[in-house]
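Chain nomenclature is as follows: A, B, C, D and E, assigned in order of appearance, with residue numbering initiated at 1 for each chain independently.
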Amino acid sequence: MILSIEQLSVSSGEKKIIDRVSLSIRKGEWYALVGQSGSGKSVLSQAIGQMLPSNLRMEGVINFNEHNMMSLSRKQLGDIRGKKLSYIFQDYQGSFTPFRTIGQHFQEYQKVHGINNKETRRMQTLEALESVGLDETFYNRYAFQLSGGQLQRASIALALMFSPDLVIADEITTALDSVSTHRILELLSKRQKESGCAILFITHDWRHVRRYATRLAIMKSGEIIESGGKHRILDHPQHEYTKQLIKAAPILEKGLPSGLDGEVSYESTFC
Amino acid sequence: LNNSSVTEEEDKHIHFLYNFSTNSLDPHVDSSYVPLRAGITETLIRLDEEKLSIEPWLAESWEGEDGQNWIIKLREDVKFQNGKVMDAEAVKMSLERAVKENVAIQNALKIERIDADGYTLRIKTTEQFPEFISELVNPNVAIIDVTETDIVNQPIGTGPFKLTSFVPGSKLELERFDEYWDGASKLDQVTFSFNEDANARTLALKSGQVDIVYRPEVESLEMLQEDEAIEVESTSTFRVHQFTMNLQRKSIQDVNVRRAIDALIDRQEIVEKILLNHAEVAVGPFLPSLPFAPTYDSQPSGENVAIKYLEKAGYKMKDGKMQKNGEPLTFTLLTYPARADLPLIAQVFQSDAKQIGIDVEIRQIETPEEFMASNRDWDLATYSNLTAPRGDAGYYLNATYHPTGALNFSKADEPELTAIIDKLNQTVNQEDRAILAEQAADYVHENMINSFVLHPSTIVAYNKNKVVNWVTTKSEYYMITNELDVK
Amino acid sequence: MNLLSVKQLTKLYNGQEVVNNLSFDLQKGECLGLVGESGCGKSTIARCLLRLENIDSGSIFFKDQAIENLRHRQLIPFRKDMQIVFQNPTAALNPKLKIKDSLLDPYIHYRNDLTLRHFSFTSKEQFVLQLLDAVGLPASLAGRYPHELSGGQRQRVTIARSISIEPELIILDEPTASLDVISQAEILTLLTELRQDLNLSYLFISHDLAAVKQLSQRIMVMKKGTIVDQFPCAELFDDQRHDYTKELISIF
Amino acid sequence: MKDSFMYLSIQKKYRWQAVLLISFTIIVIIACLYTFLYLRHDPTYTNLDRRLEGMGLAHPLGTDHLGRDILTRLLLGGQQTIGFSLMALGVALLVGIPIGLISGYKRKVIDRIFMRIADGFLAFPDTIVAIVLSGLLGPGIGNLVLAIVMVKWVNYARLVRSTVLSESQKEYILIARTNGLSSIKIMRKHLVPHILGNVLVMASLDLGKIILLISSLSYIGLGAQPPVPEWGAMLNDSRPHFQSSPELMIYPGLAIVVVVLITNLIGDYLRDHFDVKKEVQR
Amino acid sequence: MVRILICKFLEVLFFLLFITFVSFLFIRLAPGDPVLTILNVDELSVSQEQVEALRTELGFNKPVLVQYGLWLLNFIQLDFGTSFVTGQQVMSMLLTALPATLELTVGAICVMLLVSIPLGSLSALYRDSWIDKISRILSIIGAAIPSFWLGLIFIDLFGVRLSWFPTMGRDGFISLFLPSITLGLAISSVYVRLLRSSLLDSYSQEFIRAARARGLSEGRIFLFHAFRHSIPPVITVFGVSLGSLIGGVVVIEVLFAYPGVGKLIVDAIRQRDYPLIQGYILIMGIIVFIVNACVDLSYRYLNPEMKMKERENN
């Protein structure tokens, strides 16, 4: 068990944004979180890394790697964040500070996590970029000089740099077109297999759940209404809302409601 | 005054604070006259402050019976601050430079030719010009060594102090000139600085930053006087604050209206309450102590007198307004802020006039001379004028009452008066001149061509525990002298 | 009869061909799907067809009349027969206008040249209600401002506005891209119904193959400014499809 | 800078401020109206026997150096200062908004010409223009207003222009164009309501600046003329009495501070108000 | 590259022509002229013919355009004319006074930075805390206080009552304190608020969240990410409000009898010293132009996006 959340509530003033949610993620699994817009998925994901805005209060228990996240000092949190637990956000452009180059981001990242030799840092950066298919010309580029897909790849490289135990990916492809989306997810899945990390994958798109997830949870209005194995939920949804959600998904070909055969292998189109 | 007791043993130093600033020290051009006032330069002729007549200074004597050919003998013991001897040739060059650099001086001196011979100057004026010698009092005719290169920042004169440094708009540092012809000063150094804000000047004296302050804030004098260490001196000047009447305006053309206006001006109260007694009530243009100032009978004044004059002129009070033929009497009164008391006088007049049903519209302007000359849609103007800047009445009478005068804003064109002035311009003899000037002044008063309010005083405050031999002059020309000393 | 026919349309931005030599026809009552990855020029085509953008070469025939060179005034009779729905409904509604005012905007301007067949009303209020009803929105929204609506509701409002003058052609530029799955499905259903009820023609732009397949009769596949494939919907899974089309299918 | 707000984004917090502001404003207006309708003292009546009196029943705030009632002058000065500032602002708006609208919407030649002119105007430091202009035209509040208009209109034109430029890229303007609206109608119906918010915010913040500018120019003697009791001019008049009767400078100074404070608070309030809406829209 | 230089050059030329022409027009069309001041009518007798003669000599009777042409001709030869009042070269007068003004301005900017950076940063970092509230109240009040009034209070307090600083003039470093503190405080309230809101804006950006997620310390985030991102709006406002800063300098210089260009120009306006006014406007225009060019350059440095775009275009 990498992460276990028990009875977590987040509230803003009187209003409860997340209401007693429990959830656990196992080592190396791809855990999908699906649900209505504004149901609190992003808030939940930020609560895990203790990154909520100051006006939100939270209670409950978050255990990450046997640490109780709530009781850690800022320093300890800083060590965990980025090293053991890393994030990829939807807004690819915004994930990079606009006036620093990609290389500088990697450098700074390694520096704060204790790698002191500049040359080592540079080598590792190039390696990491290489692993997501970006060559060294990207090292000195700024975020605005990369396409959305390239930036998301850089984010992935950054997030997986220290082989974290858990990567939280919050709607990382909604801003990309379908072709790029596909390539990014393929890459993420490949890198996950290599590094063995767990992924908390927040999405709206059933196709991605069907293709990559092992388990999933469904959120609505701050609560998890259903959770379990992928096949169980896709084939036998219990909750009314889940049924609606599945029904509403656009279908290209007939006969693939469960996604069982969605895992057909096909040529990876990138590289 | 905490610093005042700390007088330096080895260095005798005085810090003087003046109320105008200048960006140039060119003695021939700078109209703030700082080089002369700071004791750097001197003129050939000076004003005797007691007798209020002219006396030789760098000159020894002069002659010029015909009023056109002048012979000036120079002192032979005068040296410039660079050690050169001041002879007639140097003076000639200096005068020529003044005329060349300064149109105003060129106009004022009317020099046709100068000949130099040892220590004697022969000067011919373009026309008969009896005031010529008194014009030489003008600080812009100071004698400097024109062979020096940087006259603007480093003028070399003959005065008791020589310049060591100059910060434009801020201050001069001066040092004793040991070879001064009239006996070197006992002071080692003098700082002559500028500040145009009267408050700031007062504050500087109070905080002990400076020793002598020229024109401190009138309102703060009481407070200054409470300080044991501070002496406040006040001396009337040759200046007069007057109401200029625009004789081209219909209502003003009536002498009774002019008299009413004159009667409305509450001089005593203005002197007491606005200038806090640092002024002298004026009836005519010339300071009473001047030899040619007429004596006047005391005249009734006040609202009732004014109303009587107005009734004589055909005005009646109706609906609270002074009217004639259904037309209410109103005045447009010009004033300008450069002399801070003028707008106040204007406002007091406005308020007083309102009491007898006359509406006065005050219009504030920036440059009064230019405005009054080019705009004629005003009735009255507060104006301040030097009436005998160099101890002679010729300048004021010519400028203000002669039809061709540049300051004749009343547009006075009285043949009788013009004749007196013309005659004055031909007369060389001082006594005869005085009589003519008096006649003119009487005529002005009789016909109320302008109305005079007061002669403002120059106020100087200084630290009497330190400063010795300070003299406040009427002409305001002579400030830092070789006599000045510290205790 | 071809409602719209485009011949060799080319559009340059900064000297670069964004739309390159493109030709296609659109029949009356038909829905033509246009797919392609982002940045391939789909929105540019939409803007060119409406003449919001001047084209660099080629011709556009609307109801067999060339409109590529017409001026503002001359275009008005054509424009009242074509409408557009944009991807981002927030930007497409003036935030300072109430919903009802936004809805009536086109009608007010074309009112004199219009004869409405489907909508009949006696007052503007009534018209607004009919429009809202047509897209399945409650009447209570009429008095609100756009920011008080959800994304899906806003998109319905823009659709309602586009059908208010009963145009013959509606260009739908990714109308569902910013919505969640449930709203997406609802909008697609709504569009299908409206097309049948009002006999509309659509040019449906999207990069979502499934959505396009659901709505259209024919599909065009676009890549880098040119059309690489064009086929009836039923032939989507045929073998002779272009490689790019196959890739799109495969990643779906 | 998209949202520069001074206060919390929680709306409840605004309420007391709004109440405070409105009551302040009303007090100021009433005070000015009071003198307008009923003057107990003639603001120009000088009484040299009663100069520099302290507070008292007859003169609640005492008298000035000419024995005039300070309260009356202060309140009348409020009318002058605020009135002329509003006038300057109003004229600047009337000039700036249409020019900005046209140049932002029409672009091309008009815009280019405008931009050049605006650049030129911006090259002159605004306060300097005001100083030079009112110095040269002669002191007087009319000239001062003219000078302020000259330097301020550009700001509004620019603000409007940039708002219009960014708004007219938005799709609702495109749609309005496909709907056959003429340029004038688009400007009137779609753009004007949009710029009003921004302009209002800027104007209310500007008002304070203009009041300060008018009074500082009056203070260095370039503004209102005596005996008009403009606040800056009152300050200037009281300068000689700074040592002996500092209250003469305190009253008008405080009056300026309070009024500028109020206009600034209103400006901030409006800015937040408009910003909060924007947040929701996003 | 050459083309760009030529364009820039033309732009500068156009700009100079514009401001000199407009200011020339204003100056000459305004009522009043310096002839009577030059002739010192206050003390010397002058006849009306002499006045007219001087007016003709100085060319005031010629049409404005001709006067401008003549001025321009001299200007091209780098001759800015001589002051009517002092007879000195206008440029040398301005250049002697300029360092004082620059000192004052730099001093004021330093004060402004010293006040607004800590205050603005703290109130953004500790939003809604007491320090935020206090700095907000201070900055609102600060924006409402006329600078000359503040200056008088300072003079009274620190100059007279406490005698810490000289009240006037320019006499070494110490005399710089009061004027630059007054001016600095007067302008800093704007920047406190600006920096605060700009920082808050930065902190609401996604990249800050991303940096936190990477485990960077708050101090590092502030220094290397948030603060730098907040500078451009501050600089923009600085460039735009440079004019009012220069105007503020005038008021302060008059108040403190500080011998800078501001005091020079107020005197020049009073005396209608045309060449000096003209020269002043020209110099200030150039300074504003240079500063704004620097502001543009700093954008390029702060915002790599602009720098790259520029490079592509060349």
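Basically, a residue touches a chain if its C-beta (ideal position, glycine included) is under 8 Å from a C-beta of that chain, and two chains touch if they have at least 3 such contacts.
Keep in mind it's a predicted model, so treat the numbers as computed, not measured.
> What are the chains that chain A and chain C both touch?
Expected: no chain.
> Between chain B and chain C, how many steps is the shortest route if every step has to go to a touching chain?
Graph distance in the chain contact network comes out at 2.
> What is the touch distance from chain D to chain E, in steps?
Graph distance in the chain contact network comes out at 1.
> Rounded to the nearest whole Å, what is the centre-to-centre distance of chain A and chain E, using the mean of the C-alpha atoms as each centre?
51
> Per the centroid of Cα atoms for each chain, what is the distance between chain B and chain D, given in Å?
43
> For chain A versus chain B, what separation do you get between their C-alpha means, in angstrom?
88
> So what's the Cα centroid distance for chain B and chain E, whole Å?
38
> Find every residue in chain B that makes contact with two or more other chains and list them.
Correct list: 197, 203, 366, 371.
> On chain E, where are the residues touching two or more other chains?
Within chain E, residues 31-32, 156, 254, 270, 272 contact more than one other chain.
> Could you tell me which residues belong to chain C and also touch two or more other chains?
There are none in chain C.
> Using the touch rule from the top of the page, what pairs of chains touch, sorted by label?
A-C, A-E, B-D, B-E, C-D, D-E
> Quick check on the complex: what are the chain B residues that touch chain E?
Spelled out, the residues of chain B in touch with chain E are 2, 21-24, 26, 29-31, 101, 103-105, 107-108, 138, 140, 152, 167-171, 193-197, 200, 203-204, 206-209, 338, 366-367, 369-371, 373-374, 385-386, 389, 394-395, 398-399, 404-407.
> Which residues of chain B touch chain D once you look at their complex with the stated criterion?
197-199, 202-203, 217-220, 222-223, 266, 269-270, 272-274, 335, 337, 340, 343-344, 346-348, 350-352, 354, 362-366, 371
> Spell out the residues on chain E that touch chain D in their complex, using ranges where they run on.
Its residues touching chain D are 14-15, 18-19, 22-23, 26-27, 30-32, 128, 136, 140-141, 143-149, 152, 156, 193-194, 197-198, 200-201, 233, 240, 242-248, 250-251, 254, 265-266, 269-270, 272, 277, 281, 284-285, 288-289.
> Hey, which residues of chain C end up touching chain A in the complex?
Touch list, chain C to chain A: 37-39, 151, 180-182, 184-186, 188, 207-211, 213-214, 237, 247-252.
> Of all residues in chain D, which touch chain B in the complex?
42, 44-49, 51, 65-66, 135, 138-140, 221, 225-227, 239-245
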